[in-house]
Amino acid sequence: MANRVDEILSWYGADHPGVLKNLRWMLESGRLGGSGKMVMLPVDQGFEHGPGRSFARNAPGYDPFYHFQLAIDAGCNAYAAPLGFLEAGARQFAGRIPTILKLNNSDSLYSSADPRPAVTGSVEDALRLGCAAVGFTIYPGSSERNEMYGEFREIAEDAKAAGLAVVLWSYPRGAGLSKEGETAIDIIAYAAQIAAQLGAHIIKVKPPTELIEQDAARKVYEAEDIQIATLPDRVRHVIQSAFDGRRIVIFSGGAARGTDDVLEEVRGIAEGGGFGSIMGRNAFQRPKSEAIELLHTVMDIHRAQL
Amino acid sequence: MANRVDEILSWYGADHPGVLKNLRWMLESGRLGGSGKMVMLPVDQGFEHGPGRSFARNAPGYDPFYHFQLAIDAGCNAYAAPLGFLEAGARQFAGRIPTILKLNNSDSLYSSADPRPAVTGSVEDALRLGCAAVGFTIYPGSSERNEMYGEFREIAEDAKAAGLAVVLWSYPRGAGLSKEGETAIDIIAYAAQIAAQLGAHIIKVKPPTELIEQDAARKVYEAEDIQIATLPDRVRHVIQSAFDGRRIVIFSGGAARGTDDVLEEVRGIAEGGGFGSIMGRNAFQRPKSEAIELLHTVMDIHRAQL
Amino acid sequence: MANRVDEILSWYGADHPGVLKNLRWMLESGRLGGSGKMVMLPVDQGFEHGPGRSFARNAPGYDPFYHFQLAIDAGCNAYAAPLGFLEAGARQFAGRIPTILKLNNSDSLYSSADPRPAVTGSVEDALRLGCAAVGFTIYPGSSERNEMYGEFREIAEDAKAAGLAVVLWSYPRGAGLSKEGETAIDIIAYAAQIAAQLGAHIIKVKPPTELIEQDAARKVYEAEDIQIATLPDRVRHVIQSAFDGRRIVIFSGGAARGTDDVLEEVRGIAEGGGFGSIMGRNAFQRPKSEAIELLHTVMDIHRAQL
Amino acid sequence: MANRVDEILSWYGADHPGVLKNLRWMLESGRLGGSGKMVMLPVDQGFEHGPGRSFARNAPGYDPFYHFQLAIDAGCNAYAAPLGFLEAGARQFAGRIPTILKLNNSDSLYSSADPRPAVTGSVEDALRLGCAAVGFTIYPGSSERNEMYGEFREIAEDAKAAGLAVVLWSYPRGAGLSKEGETAIDIIAYAAQIAAQLGAHIIKVKPPTELIEQDAARKVYEAEDIQIATLPDRVRHVIQSAFDGRRIVIFSGGAARGTDDVLEEVRGIAEGGGFGSIMGRNAFQRPKSEAIELLHTVMDIHRAQL
Amino acid sequence: MANRVDEILSWYGADHPGVLKNLRWMLESGRLGGSGKMVMLPVDQGFEHGPGRSFARNAPGYDPFYHFQLAIDAGCNAYAAPLGFLEAGARQFAGRIPTILKLNNSDSLYSSADPRPAVTGSVEDALRLGCAAVGFTIYPGSSERNEMYGEFREIAEDAKAAGLAVVLWSYPRGAGLSKEGETAIDIIAYAAQIAAQLGAHIIKVKPPTELIEQDAARKVYEAEDIQIATLPDRVRHVIQSAFDGRRIVIFSGGAARGTDDVLEEVRGIAEGGGFGSIMGRNAFQRPKSEAIELLHTVMDIHRAQL
């Protein structure tokens, strides 16, 4: 299995060994360690949606220690959270699981047509907290997109210089797109390409739908007969759009849903060659044992594709 | 009692000992020293509402020395004020009581739907003035919220590096919220969560009402049967929302009112597990002896919960 | 008399001796030297109103040397001007009179509802030119107020670190205020408080009128029976509003007027405990001998209050 | 032939030898090496138009290695791409072909009347990746033009200090121009002049049409009888407008078209004295062998003019 | 004659000897060297108006070498141009004539009611290119004026510290002024005063007309009977408005016109005490021999006033 990790690391020849060390740490951690597949636990919903909406269903989740332990117990490759949640447990869990400091976040107390998250942490914070990586979110399609790309550019440059891996959530939204278009196949593929071109090591996108949002894209998709009928087809196209498979692309799950729906989607992602899943609300809003069971099943699905 | 302070300090494992020293200084000062409870005196109303509205009722309050001495005589854990007020007495009162330099402030000579305070001091000022902490105010719900979060992020990073504690006033207001919603339980809990995620050591919020402002929150509050009928219930939920009790959350009092009203509210806060009170106008706008008597009663109520 | 200067300097305990040296230089210069009272000559009208409107009435004033010499010959405590005027004579008059470099200025070739001056000089310029202090203007009431406060904050921090005194012109204006309200007693008192809280050593305000601008202030002024019927009453209230007399507050004169009007106003300022006057157009737009005579009379009025 | 390269380098007397080294590297690479003519491969369409629209026609182009190899195999002078594409192959292809890091890029998920690209890379990135030059795009005619010029100014200053050559894409567009005017002869000549005055070493413009956009220009073009009837005439005028031939000016091709159209345009450019062509979509959207054949033909046309 | 240069240099007592050296270099260069009068050649019209409109009338002017040589052959005191033009000849003409690097420029491809030039060069560029001075343009009357003043402030501070002289083009324009008011006598005098107060060593303004733009100025001009009937009167008033003759004020010529008109205006400027002329289009748009003849005549007119 180690060969697959070495192969993946070979794609990042522009980075110095300090970055490779942290990529390897994530790739070799947890139940999927060494497989080249990753399942991560992200918990930024307290900031994004508020504490009640995020943690009331499974109240132990109000406690920041809970999520560190859940990620460890479930055998995740990494745990991602904003500054406060990581600060709260950084000393107790130092080195026990790779952590990803989310450097920007949006709250739900004000909304605008052209969203942009607040910068809430720094590369220095990530170093101080012993993180393996920094995380950042961009909203392609927003009128503020260029400011986000510029913020990411500076952060990525600093993070790489400091030996941290860089994870980019590329979530299209804003005045340039229809609501349904946010997950259209052409848009998700484009979002993956932008993330890759901006220099992300690991890219997070949402599972794409069969919709094509932009006319200019539709012409080409039809003329070239790009296969997008099934989720595996679409995932395959997204992976291709992120440097033909030379970048790690992971898919997020979205709102909490039934177990069957979640697993069906994961199967499509895995079949299409996705590098893994990032699963937040569907994990931490269930009782811990159920969450671990679900995450193990997700991991098994990804491993089954090897 | 010292064990409680040690326990509280253990929550801040991401901070270096310099920060812990200043947190301990505040926790072990005054009549509540060592109890884990805190009562603070804040005096920024001269800047926020103007000198006449703030000090005419009790004219000795025009003098910056008055408030240092009031905080000391009443046995407060700390005294918080803007740059000018602290500069005026910093030498005379150096080391006699922990001080908190408020680094941003709003005046009342111009108002807008989306407020944002002016930055009026720096971490370097706080060090020069011998402060234990810096204070900052954010307005979640304002269109300018992200700029405030960003300013706070930089200040907090610098303050922590310099060994200063960081106190965050999280006061929802702005175009994203109704006027009544500013103190709704879901909003106050969310404000506490945001402050905690932004990395504050000590969080100041207003006592929450029974109102629920956001529909998305109401669904969860009802589905999960979150208890919010009484003030102790609501305070408990706010404390839970700030990392399940792993962050110091203090409640402010608001406009000057009758003694009975003030004390009833304090009892609710104390019963709900609040870490203490911050009391400005209700203290310095009374004659000094009355103010001390009131503050002592407030302290006794908090201590009675131990 | 020296005791009064020592007493005044004792109010600035947060500043290092370098700042005290420059405050003392201004307080001990000129005909009022050592009295604790100050009369200053400011000449920024060339920038603010244009050269013809400023200097044509008394044409020697086109020459920058004229104003240095006028301030010296009249025995002023200090001379304040923008960069160009100070650069033009800095070498010839080095050390002959304390100078204050005005670091921001507004011209009259464009006007807007929410004014904000241009930054036209730096702390480094003031050091290079041998100044005793830097001067800055804020417009409380303008939508741009926070930007001005922020600029001042940085300048004041740098100036204090470099041993320069900091003089703040606090002139309410902008969309938040009525035209008459700019000199209303509640607004002038508030402007003095803001300047003091922002950390100014010396505060310049305009003489207040009997008007009360804000309803929230009127309630308190009436309830607490604050005396504002006479100019001395109002000046007393403004001094009180600047830390109960612990900050130097000087009053400016405004547009050129008849000698009797000017002196009557100065008498009111002096009787109310004002620390002095800053007199520009009423001085440099008269023939030099008349200007000196007027300034001497103003100084005598202030001295008579001791 | 080397004399021509020496002659060209003599135009850059303000630059230090480190810059000349990289200019020489580009001028002496590939099939046109030493001739003073250049043909470059740019591949930023993945970011600019999306991955499907860019690479589906010739699917190997999804892979970043493909373009490095295409540029080498075709004997191009240099290969230009955004950060991600260069990072992906920088180690494998280090030193095998001069690379140009495009430092700003626009995506197609949001559009506005006054476009401005996002900054997506840095001079430090270019050094880290072993590039010969940095590339930048300005949009003269956009209300944001001054911000772009200012960004370029800083980047160019830093790049020159670091020994990197500076390539400027000067593409008029925005509210100041009609759609057709973007390639009008007066506008393209003006765009070349602006690029030269801003300090670019190599200037990229689009082939100009016979249209004159601005009335003030038309008067002079007619009065002075400037020849613009044929493409060679117009190219000659553009070269003249870039310091009378003292700056390298290369012409881009635009959208993918038929081979005959492409070659006819290249002939016009070559006949008019253009220094070369930059050809993206017309190259990488064809099968590799066809692309190489086309690029060789283009090179031959340019060489035939020597 | 040398005494006049010494006298002029004595006005710049705030500057260190490095600045005086460069002022002296310009004052002692060319046919007017040592006289205290200056005639300069500025060539920024390629950027400001486009290459065709600027150079087609006299096509050798497309070549940047042409203007260096023209300025030398005509015996100008200095040659001013943007970055690209100076870079193109800096090595060949190093030290042969004082050069002034124009640090900001406006193009004509986009226009707005409130103009502001782009910053296109730096103090470091000026040092690297061996310049005697930096040049900068402000537009008093524009809503963006304060940003320009602020940019100039920083540039001037850095330039003076580096020993470079500072030349300021003060050209009123923007929403605060009528079109005719841009050259009204009160506005030009005000523009000269602003430039002087901002710390310029050499001030460039346009020849003023007899119009008075602002009512507040008209009252004073009439009451004080300021003489503005003839061009010499008006020039005298402008010189007076720039510190009563203690700053070098040079007048520009504007659009290309007939020789007689040009010379008549120069006679008025010289008679009014102007320090010289800056002549661009009227020089470089004529055949070289004619241009030299014209410039010599202009120089003779200025010299005749000594």
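Lettered A, B, C, D and E in written order, each chain numbered from 1.
Here is the rule we use: contacts are C-beta pairs under 8 Å (C-beta built on N, C-alpha and C of every residue); 3 or more make two chains touch, one makes a residue touch a chain.
Note that the coordinates shown come from a computational prediction; the quantities given were computed from them, not determined experimentally.
A.B. asks: Looking at the contacts, which chains touch chain C and chain D alike?
C.D. replies: Touching chain C as well as chain D, we find E.
A.B. asks: Counting in whole Å, what is the centre-to-centre distance of chain B and chain D, each centre being its mean C-alpha position?
C.D. replies: 58
A.B. asks: In whole angstrom, how far does the Cα centroid of chain C sit from the Cα centroid of chain E?
C.D. replies: Once rounded, the distance between the two centres reads 36 Å.
A.B. asks: Counting only residues that touch at least two other chains, what does the list for chain B look like?
C.D. replies: none
A.B. asks: What sequence of chains forms the ring when you start at chain B and head for chain C?
C.D. replies: The chains follow each other as B, C, E, D, A, starting at chain B and passing chain C next.
A.B. asks: Mind listing the chain A positions that touch chain B in their complex?
C.D. replies: So the residues of chain A touching chain B come out as 46-47, 49-53, 56-57, 59, 62-64, 82-92, 105, 107-112, 116-122, 124-125, 128-129.
A.B. asks: Mind listing the chain A positions that touch chain D in their complex?
C.D. replies: Answer in residue numbers: 11-15, 140-143, 145-146, 149-150, 153, 157, 172, 174-177, 186-187, 189-190, 192-194, 196-200, 214, 216-217, 220-221, 223-224, 226, 237, 240-241, 243-244, 246-247.
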